[in-house]
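First subunit A sits with subunit B, and in the next complex the same chain sits with subunit C.
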Partner chain A sequence: MARLVFRNMVKFVLLMLAVSLVTFVLVSVSPIDPVQANVGQAAYVNMSEAKRAQLADYWGADAPLLERYANWLAAAVQGDLGTSLRYNAPVADVIASRALNSLTLMATAWVVSGVLGFALGILAGANRGRLADRLVKGYCFLLASVPTFWLGLVFLVVFSVQLGWFPLGFSVPIGVAASDVTLADALRHLVLPALTLSVTGVANIALHTREKTVDVLESDYVRFARARGLSMWGVLRHHGLRNLVMPAITLQFASISEIFGGSVLVEQVFSYPGLGQAAVTAGLGGDVALLAGIAVLSAALVFGGNLVANVLYGVVDPRIRRSEGGEARA
Partner chain B sequence: MAEQEHGRAHEATRHQNAQVHHHHRHAPVSRHEHGHHLLQVEDLSVSFRMYEEGAPFFKARQREVEMIEALSISVHAGEIVAVVGASGSGKTLLADTILGLFEPNATVRGRVWFDGEPMDAAALQRVRGHGISLVPQSVNHLDPLMKVGRQVEGFAHPDEPRRARRRRRERLFARYGLAEHVARRYPHELSGGMARRVLLCCALMDDPRVIVADEPTPGLDLDLAVRALDDFRSFADEGNGVLLITHDIELALRVADRVAVFKDGTVVEETAVASFASPDLLEHPFSRALWHALPEHGFLPGSPLDADGAVQLPGRSSLHCGARLVDDVSRVELQGGNGAGATCPNASEPSQGVGRREVRDRNADEGAGKGGSRA
Partner chain C sequence: MRERLCARMRRADLPDEACGGGSSFARAGGGAPRVASAGRAEAGVAGAVGLAASPLNSRADVLHLSRTSRVGNRRVALAALVFAVAALSVIVAVGALSVDAAGATDFSQKNLAPSWEHPFGTDWMGRDMLLRTLAGLSTSVLVGLLAAGVSAVLALVLGVVAALGGKRVDAAVTWLIDLVMGVPHIVLLILISFALGKGFWGVVVGVAVTHWPSLARVVRAEVLQLKESTFVAVARKLGQGPASIAARHMLPYVLPQFVVGLILLFPHAILHEAAVTFLGFGLPPEQPAIGVILSESMGYLSAGMWWLAVFPGLALMATVLLFDAAGSSLRRLIDPHSAQE
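Let's turn to the complex of A and B:
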């Protein structure tokens, strides 16, 4: 157990180092000039050469890559993630204020897509070749090939513009004081982005669960259980679920990265002020501190998801739990 | 088990040893309780609708491939009948059919009686686990994520309280020398011997009259396998029937009362074990070839079972596994007998089998055992 914890901590630290370094390298090789990006095109053209140099110095654009990285890392280890250029605020504050929105959005989408996908997958697998299966498969293939942002736009057109059920964007009503925003308001703003994100997330897990259901139903132990008089649904209930839930859980925790990626697009479409939107802003603005902060946070989330998947694997599957060294499964 | 006493009352319905009757010869223990067979299968055909193999994807046509054709077999009260045939020749399909487990693209025809009752597809599904039980080959047939005890107790008998089933399971475990802590193990934690007894307990838990055992002693040498089958012997001695499916003729001759020789999807000869004393007592050329292949008769080169298996296995199993589903509705046309109480009809019309013949011809070309087809 101690070895498991230690190994995962080492992995985690190495991952954080790698992710932040890659972020710095990518920003430094990107053609975006932080000065130009942050003061705006018009201001930049009218700016004197001396002023530009001063700003470049202020934003540290001239310092060598490794020196900047070392400075950032030294501060980050002490808990200071730096200051965001675009938001002119500590990175930690920017992330904290946006993480709440994003995490609510992602958690909702994650749960809904997981539960819905799992149910649809079992339904399709148990009815292989029949109408229900074809419908689910068609739905999944269609959604798997639909770009998330496009689906978001369609939802906006249908539900916001034509039907008027949901607001067009943002996480709270416009022109309302923050203290007056009710939970109902926040939920109403959450529905469309979360729906977009869930609907596309369903395809993956549903198709995987369907395959797994087909495998399970063709397995020897299901044949034997049916030979002992259990009906198809009885078999699924008593033997199927526990064998199916394991891969589904793993997949769902491993798919946190995809939900994260999808949320970037969805937040753009819905002008939803979350981490994804901040990441785009930071990337386009050469705001390396904010970008590194978000990258590290999202990597930590994805790492956590995979870790939970591994641990849960052991909890559900006695073959792993009871054999020593449950960490063997990567 | 309540009928156990009745068996004695029907001693008179015994036939003479080796007397031919309903396509088969009896063994000394064979008896007709209540004047009928415990399990009787007549003219069973199973065919699969599938696309032609090897044809281009869009040109492949559907055709019917007969895997089991005009098969008849009977199990009497008190006996073990061994179905002996090459691996991959469709013996497991026979077990599935008796248990009413039909593939969606299968067409099943024939007549089946269980304990005197004519069965249709729905009836076969009702009696599985409630009269006919399967003992599968290996521990792979247990749910890997569920403790053994709970699995032996099973889920298909909601009318019986769970506690009562638990007590019965404990009694069975005690009787078969399985310690109580075995019940808390997972299937992968069982030793081979434990697994065999656990699988048997699964079947006995459901109080069957007939046990269908599908290769229940894999990987055991002959003496161990014979001893492992003692439990089946005592089950049969209590007035029940065992259909033992195996590819091992020696094992069959040691433990069974009667042997049904399975070849090319049908039973070519169903006879008492005693008939294997001399090839002259055997009627079918394939049975005689089996006799000659026995070690004590000098291992005539190439056991027909092996040769058959080697040739048949790829062809047949690929036909079986490579079946693409062409329709979803199970086309099951298992008819019951037409006359009420008709216990042993003798009708046996030659059945059609166009597709299957192609399979057989191919095998024949490759020099599989001669005389496989029953004209």
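Let's turn to the complex of A and C:
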């Protein structure tokens, strides 16, 4: 157990180092001039030479890559992630203020897509070859080909523009003081982004659960239970669920990467002020510190999800715990 | 008709040979009534002939003959493959030819809802959305092909190297896979595209560099399994060098998986290309691309111009489905494990 914890700690630290270094290298090799990108073409042309030099200094365009990275790393170890030049605030603050929005969105979508996908998977597996199965399979197949952001646009057109049920964007109503925003307001703004993200996240888990359900229903113990006179749903409840739930939860933990990626797109579509939107803004503006902060955070989330998935596998399935040794895992 | 007759003869306690005889008669062109009126003596003779001419399983064939006529699955798969490839080529060709027409503005025709003249409507500059969509799809498919191709080659090389290169190399490649998979695709795409100054090459390189890990894992696992297989061990003992073993024994085994994996990479590549372009990191606004069309449409959706977003997205979805169909039917054709399905 101690060895497992230690190994994962080392892996985690190495991954964080690599992700932050890669971010810095990639942003610094970019031919895009941060000064020009941030002040705009017209202002840049009219600017005096001295002003340009001052701004270039502000954006750190001249400092060598390794020096910048070393500075950032030294500060980051002490908990200071640097200053977001774009938002003119400490990166940690920017991330913290937006993380709540993003994490609410992702957590909602994570739970909804998990539950929905699981239910659909069981429904399809129990009715293999029949209409329900074909509908679920077709839905999953179609979903895999639907661009997330386009689905968001369609929802926007249908529910916001045509029906007027939900707001067009943002996480709170426009023109209302922050203290007057009610929970209901916030929830109303959350519905469409969360719906988009949930609906697209269903496919994977539904198909997986369907396969598992089919396997379980073909097993000997199910045949025996059926022979004793248990109904199909009785069998699923007493013998199926415990075999099906854990793989589904594990899979859901391993899919955090996709949910984060989807949230970047969905936040952009709905102008939802979360981490994804901040990442896009930081990327377009060459804000290295913020971009590195978000990239590291997303990698940490994904790593955490995978770790939980692996540990859960071990807890649930003694066969995997025993063969933990040299096996390369996902 | 024939099998029902046979079944009835069975039930009537006729000797089994009669049935066999019946079926061989049928194949010779004899009609059902003739057998029915044949009588015992003839049935006996025919039975003997039938036994000699048709082995037991031919009777089984007839008995289990399906009532509805079926087309072979492989033929269906082949047809689907040909159709998907043809449709995709048409999209690319038409789209590439209509790039100029897609940019043509006509301000007397702006903001039109879909009609027979403009099936996808027109935008705020009077450009025909159908032509723009086709041109965008053609760009997307080409970007997807290029990126998926490069990605697949990367996957092949890294997968083989990891499997054959020894413990250290394997650990390094596995770590690289973990690294690439550890960051959400979109975030990595944003970073890479930004590093290359956005634009065409930013997208192509970004998609190519982020999509190889899953396929590389498959290749690595396959080759590792092959390394332990007896036929490779025999080849080694017979004195074949590593290169010849790789070319003669491993390549033919891994190739089908690889080709299918390559084709199934396209949908991901295209969707990610559109997504990253949509975010503003991909193809520049002056180039026709679905991502550009969709991100521009955002400003006009609240004005009720739904066709700007709905149809291009549907077209993209159809394209992705075509690639998917091509990939899965090709797998059915060349993968021995699912050839019977």
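The rule is simple: the second predicted complex is superposed on the first by the 304 of 330 C-alpha atoms of A that agree within 3 Å, B and C clash if a C-alpha of one lies under 4 Å from a C-alpha of the other, contacts with A are read in each partner's own complex, and residues count from 1 in each chain.
As a working rule, contacts are C-beta pairs under 8 Å (C-beta built on N, C-alpha and C of every residue); 3 or more make two chains touch, one makes a residue touch a chain.
Nothing here was measured: the structure is a model prediction, and the numbers come from that model.
By the touch criterion stated above, A:Val154 is placed in contact with subunit C alone, subunit B being left untouched.
Of the two partner chains placed by the overlay, neither subunit B nor subunit C lies in contact with A:Arg134. Judged by the touch definition given at the top, the superposed model places A:Val280 against subunit C, while subunit B stays out of reach. When the two complexes are overlaid on their common chain A, residue A:Leu230 makes contact with subunit B while staying clear of subunit C.
Taking subunit A as the reference, the larger set of touched residues comes from C, when subunit B and subunit C are compared.
Once the two complexes are laid over each other on the shared chain, residue contacts for A:Arg7 go to neither subunit B nor subunit C.
Once both structures are placed on chain A, no subunit A residue is touched by subunit B and, in the other complex, by subunit C. Against subunit C, in their complex, subunit A makes its touches with residues 11, 14-15, 18-19, 22-23, 25-27, 29-32, 141-142, 144-150, 153-154, 156-157, 160-162, 168, 257-258, 260-261, 264-265, 268-269, 276, 279-280, 283-284, 286, 291, 294-295, 298-299, 302-303, 306, 328.
Taken together, the subunit A residues at the contact with subunit B in this complex read 128-130, 219-221, 223-230, 234, 238-239, 242-243, 246, 316-319, 322.
Put simply, subunit C touches subunit A in their complex at residues 174-175, 178-179, 181-187, 190-192, 194-198, 267, 271, 274-275, 278-281, 294, 297-298, 301-302, 304, 306, 309-310, 313, 316-317, 320-321, 324.
Those residues of subunit B that touch subunit A in the complex are listed here as 96, 99, 101, 104, 128-130, 133-134, 136, 138, 140-146, 154-157, 186, 188-189, 202, 206, 325, 328.
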